[in-house]
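Just so it is clear, A, B, C and D label the chains in written order, and each chain counts residues from 1 on its own.
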Amino acid sequence: MTRLIRHDPSGGQPTYTFGGHQPVAEVKPGDVLVTTTEDCFGGAVRTVDDLPTLVCQAFNPVVGPFHVVGAEPGDTLALHFADLTPARDWGMSATFPHFGALTSTHTTATLQPPLEERVWRYDIDVEAGIVRYHARRSDFTVDLPLDPMLGTVGVAPAGGEARSTIVPDAHGGNLDTPELRAGTTVYLGVNVPGALFAFGDGHARQGQGEVCGVAVETAMRVTVAVELIKGVTTPWPRIETDDRLISIGAARPLEDAYRISQHDLVTWTVGLTGLELLDAYQLVSQAGLAAPGNVCDPNYTMHASIDKAILSGAPAYQGTHQRLRELAGSLR
Amino acid sequence: MTRLIRHDPSGGQPTYTFGGHQPVAEVKPGDVLVTTTEDCFGGAVRTVDDLPTLVCQAFNPVVGPFHVVGAEPGDTLALHFADLTPARDWGMSATFPHFGALTSTHTTATLQPPLEERVWRYDIDVEAGIVRYHARRSDFTVDLPLDPMLGTVGVAPAGGEARSTIVPDAHGGNLDTPELRAGTTVYLGVNVPGALFAFGDGHARQGQGEVCGVAVETAMRVTVAVELIKGVTTPWPRIETDDRLISIGAARPLEDAYRISQHDLVTWTVGLTGLELLDAYQLVSQAGLAAPGNVCDPNYTMHASIDKAILSGAPAYQGTHQRLRELAGSLR
Amino acid sequence: MTRLIRHDPSGGQPTYTFGGHQPVAEVKPGDVLVTTTEDCFGGAVRTVDDLPTLVCQAFNPVVGPFHVVGAEPGDTLALHFADLTPARDWGMSATFPHFGALTSTHTTATLQPPLEERVWRYDIDVEAGIVRYHARRSDFTVDLPLDPMLGTVGVAPAGGEARSTIVPDAHGGNLDTPELRAGTTVYLGVNVPGALFAFGDGHARQGQGEVCGVAVETAMRVTVAVELIKGVTTPWPRIETDDRLISIGAARPLEDAYRISQHDLVTWTVGLTGLELLDAYQLVSQAGLAAPGNVCDPNYTMHASIDKAILSGAPAYQGTHQRLRELAGSLR
Amino acid sequence: MTRLIRHDPSGGQPTYTFGGHQPVAEVKPGDVLVTTTEDCFGGAVRTVDDLPTLVCQAFNPVVGPFHVVGAEPGDTLALHFADLTPARDWGMSATFPHFGALTSTHTTATLQPPLEERVWRYDIDVEAGIVRYHARRSDFTVDLPLDPMLGTVGVAPAGGEARSTIVPDAHGGNLDTPELRAGTTVYLGVNVPGALFAFGDGHARQGQGEVCGVAVETAMRVTVAVELIKGVTTPWPRIETDDRLISIGAARPLEDAYRISQHDLVTWTVGLTGLELLDAYQLVSQAGLAAPGNVCDPNYTMHASIDKAILSGAPAYQGTHQRLRELAGSLR
């Protein structure tokens, strides 16, 4: 019997790491969690005059961590995001000093001054499905499709580590991939008892690669169904949609993120179809899609994906996505 | 008045570099060229027993170079690929020793032995629009959509260089991007008098990133309309479709290919819309798409693209794509 | 008045992260700490038949963390390693599956099988200053100079993070640079109250880049003098020898580790000499040395260094190295 | 009988590519060639007011190519640089827009403006062995050791390519490594009949990595003894000194240059000592040195080296270095 758990994050301490925190609540496999996440600025950037370096103390708060009853290292956590709806009719973006792909950074260090820090405010119209861009140095405006997603979803990392929520890695974290939309199921390997998952960093939309380093950041209403697949490991974050299987790699340089994601998709294909390894490599080579999530975070992310119709084999994770989709649908 | 030029490459010497060759023919702006290209194996790999390292002396022959009357350094060459049709009902792919993204290579050198060299033969059905995959170690087969493209299109490079047709760079070359389909216009900066363009390396289809290093290679019938934009430079290869503007970067590591392509799309956007630089950066950050072409060649490629409807400004290259599209249509 | 603190790590829990641990002891600025570190295998690999993947549960234990009285974020911790002497007459090395520079890895993922896991046992003769290599597949042996160093020295990271001791980053950690010898002073920026420094991973010697991923690993007797420089920040780890100033960068790809280290050395030069920024850039360009520490860990390291005689300016950190050197000498 | 060939490059056309040129002269194995090379600016930058982007049309002219009688693909060319002496008492350096390691570049593209273009003029005192630096924004001066080297040495590349002299790769070229001093022997694999070697780009000295992108550039008097090793291939450039064997890799990202150089040194060690592959990997891991040559050119370079005394096996290339050293000595 499905439990609906409403979690009110207000009043609690914001969380800025995966790992290193006590759980804020407990959920059971089969539960559906409803909550709200703040944007990556903790809501402190509200006008184009609110420069993030001046008004923010920390970045990318997440809601959680949640303890999943029965989760143990070696299991896989499935999070089906049944609904993601912007909680505000505005979103913020910015150029941030020495952050982003078209600037030198902390690690791609140069002697050049940073680009100007500038803030953009977008109008969000959930009904119309529109995000409206306004130029800052002219009166150019344009409507872009609303395409809500969560930038950050993860579990506590392995090895006793605690990682900043800015970082994506094998534990998930700041994946910043537009593929993480409502209607998808995220699979994450469990590293610690209880899994301790958390999420945040809602985006009204983002381009592939998040080139300036900041998406259209907004608070988000989140409905997520939780499942546990016992005794099945998942080496890197995966996403399942109704149509596609998606593997995510997080690393630098970017070709390593590509390699990880393609390697995972090839071996996943072997597992689902029984194809021999190089035969699967060949099939993914011709049928696979690939794109960057972010090319700005401490690790870059890329995803590899394939149409499920091509892999006429066993359903992934014993049909978990389909079950969670139905469970979530039954609650509406 | 449009001239239709039929070029028969048979009998000529195959060409394996951009630069370093005398032109095989002359074309004028406004001409339409019809020819046929061999596959990257020069047609020598025909069965799954034809291992490329045994049956091939060289790889990736191109047709050309063609001298464009009036082309000078500082101009832009526009090549509108009106038609790309596989010239055979079969295509070949392979794993090639120490080549591809999921193997160590010549430069990502390791002490591990190479993966097995193996060949796959695909059936191509142009009418049905299907490419059929056959596993080598089981009886698994699956139909993939036919999606013909040219892997290699370029001009003679700058600075007196001659570059292998395996290499993509600012002069074009082995871009290996599935975006280079029929119906698109490729823009290339001219480096030498006559431009000296050439093309080849037809793919019945390829995945994004061409992960194993080899697509579904096939001979291709090509119809291409040629135009020259005088006095307009193009720093990196660009593609225009009916709906999108696409910038291509070629470099290692992969993030540099990403940076080049996004930088070019941002500055192109500035030129077309009059947006201030950071305003354009912001817009591309939220509205842009990105994907790898190849992650296996001596330079990796990525493209950045944006919907033309978002940039409600002047048409790119004074409407060249639209004109060439109509010219090509008039010939059918 | 200098306190000599003897710390016996036996009996305590081994520590595998920087951050996330309570201090094991407290030291005051001016104290000298004497202790012993285990090797990266925790001493479990003793013969060539002890394969690390079979006999080890975890890797790279460190001694600590030590709380430095008065240390606060914004200060710099100085650790002068007065003595590093191997505590055993043997050391171990290994090839470790999917770890090292000449193999595919967890992130540079390929479909190739790993290299063979193999162990080498070295004889260490402290008196003679020799490390003796023995081939495993022939009777080739050769004596190499003993050159003891610590692979891992760091403080608790910023932002509430806890990082595996396998990782080098701005907080120090697994720098794996042969520059970290006896007689040098390491400078680390303090991120948390008490600094919480720790160290371990003794190497009898290692090549530049630690290409196979494992040095000549051995237990080490360590004498370290501790100082605190209040109100002075240090962005990346630095080392001072009698003759040279050394900046260390940790990142991927390797050019970013290079950029960080050179950037730090250039700006450090500006601070010590009053040279204008580009003048300092020019001087370092012609006078600077550079080399890799490791090209195998989760972040690669490189160092940049310059002869102190070239920078005829103020002594670094107000002469801390010289003071600690004298203090340590006075104890002998 | 040794022939001494004096080549006067004045009056000839400067050469800016490896490959694509007819030979300027013929040499036989055993000949000694004496000539002079211009600096990378072709001598056009003489005062601090001569900005390279204004006074230069092209960069990095080389002397050659020279046809080596009897050289064929599959052979190795040995060039022993018996003498390298600056031909002027001054040398020039510069920051060049969007070139160098601590700036964004053509390929590491950012939206930041370039650093200021600035020129430095050094005094060179060959007798005293000194290069004198003068700051541009203060009266700071300092003497650095004179350490003459050639930045660029190569042969015509394989596959019909012609490569800019700015580029280092398997054919040599713009290696920009300070290891290429007088007294060393460079080994290069021959790709075309006659080898067609050329050299230039003298540096009075440079730092490791050439971080600002430009060394202390100067014209150079060059004496080089030429030898041919028939039927022996050399995959990447190698250097032999009296004491060390050095392998050079050229690639991006920098870790690939590292991998290539270490891989070559490991397999070279196998060839000379008969050590099994992983035993050689282990030995190089502990005994090898590594450093960057350049981290600014289109390919980065790193070298790996090992003390010849450690490899108590056969002399490299059948003692070629020793023979050429004696031959050159006999001419003084």
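We adopt the following convention: contacts are C-beta pairs under 8 Å (C-beta built on N, C-alpha and C of every residue); 3 or more make two chains touch, one makes a residue touch a chain.
Keep in mind that what you see is a predicted model, and the values were worked out from it rather than measured.
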Which one, C-D, B-D or A-D, has the same contacts as A-C for more than half of its contact pairs? B-D
Averaging each chain's C-alpha atoms to get its centre, pick out the one most distant from chain D. A
I want to compare two interfaces, B-C and A-B. Which one has more contacting C-beta pairs? A-B
Could you state the distance in Å from the CA-based centre of chain B to that of chain C? 48
As a quick test, compute the distance in whole Å between the mean CA positions of chain B and chain D. 35
Chain centre separation in whole Å, for chain B relative to chain A (CA means): 33
What parts of chain A, by residue number, touch at least two of the other chains? 102, 108-111, 115, 252-253, 259, 262-263, 266, 278, 281
So, in the complex, the side of chain A touching chain C is made of residues 16-17, 19-20, 58, 107-111, 159-164, 249, 251-253, 256, 259-260, 262-264, 266, 277-278, 281
Chain D to chain C touching residues, read off their complex: 93, 95, 101-102, 115-116, 118, 120, 122, 131, 133, 135-138, 140, 142, 144, 205-216, 252-255, 258-259, 262-263, 266, 273-276, 278-279, 281-292, 295, 300, 302, 304, 310, 312
Which residues, counting only chain A, touch chain D once they are in their complex? 102-104, 108-115, 253
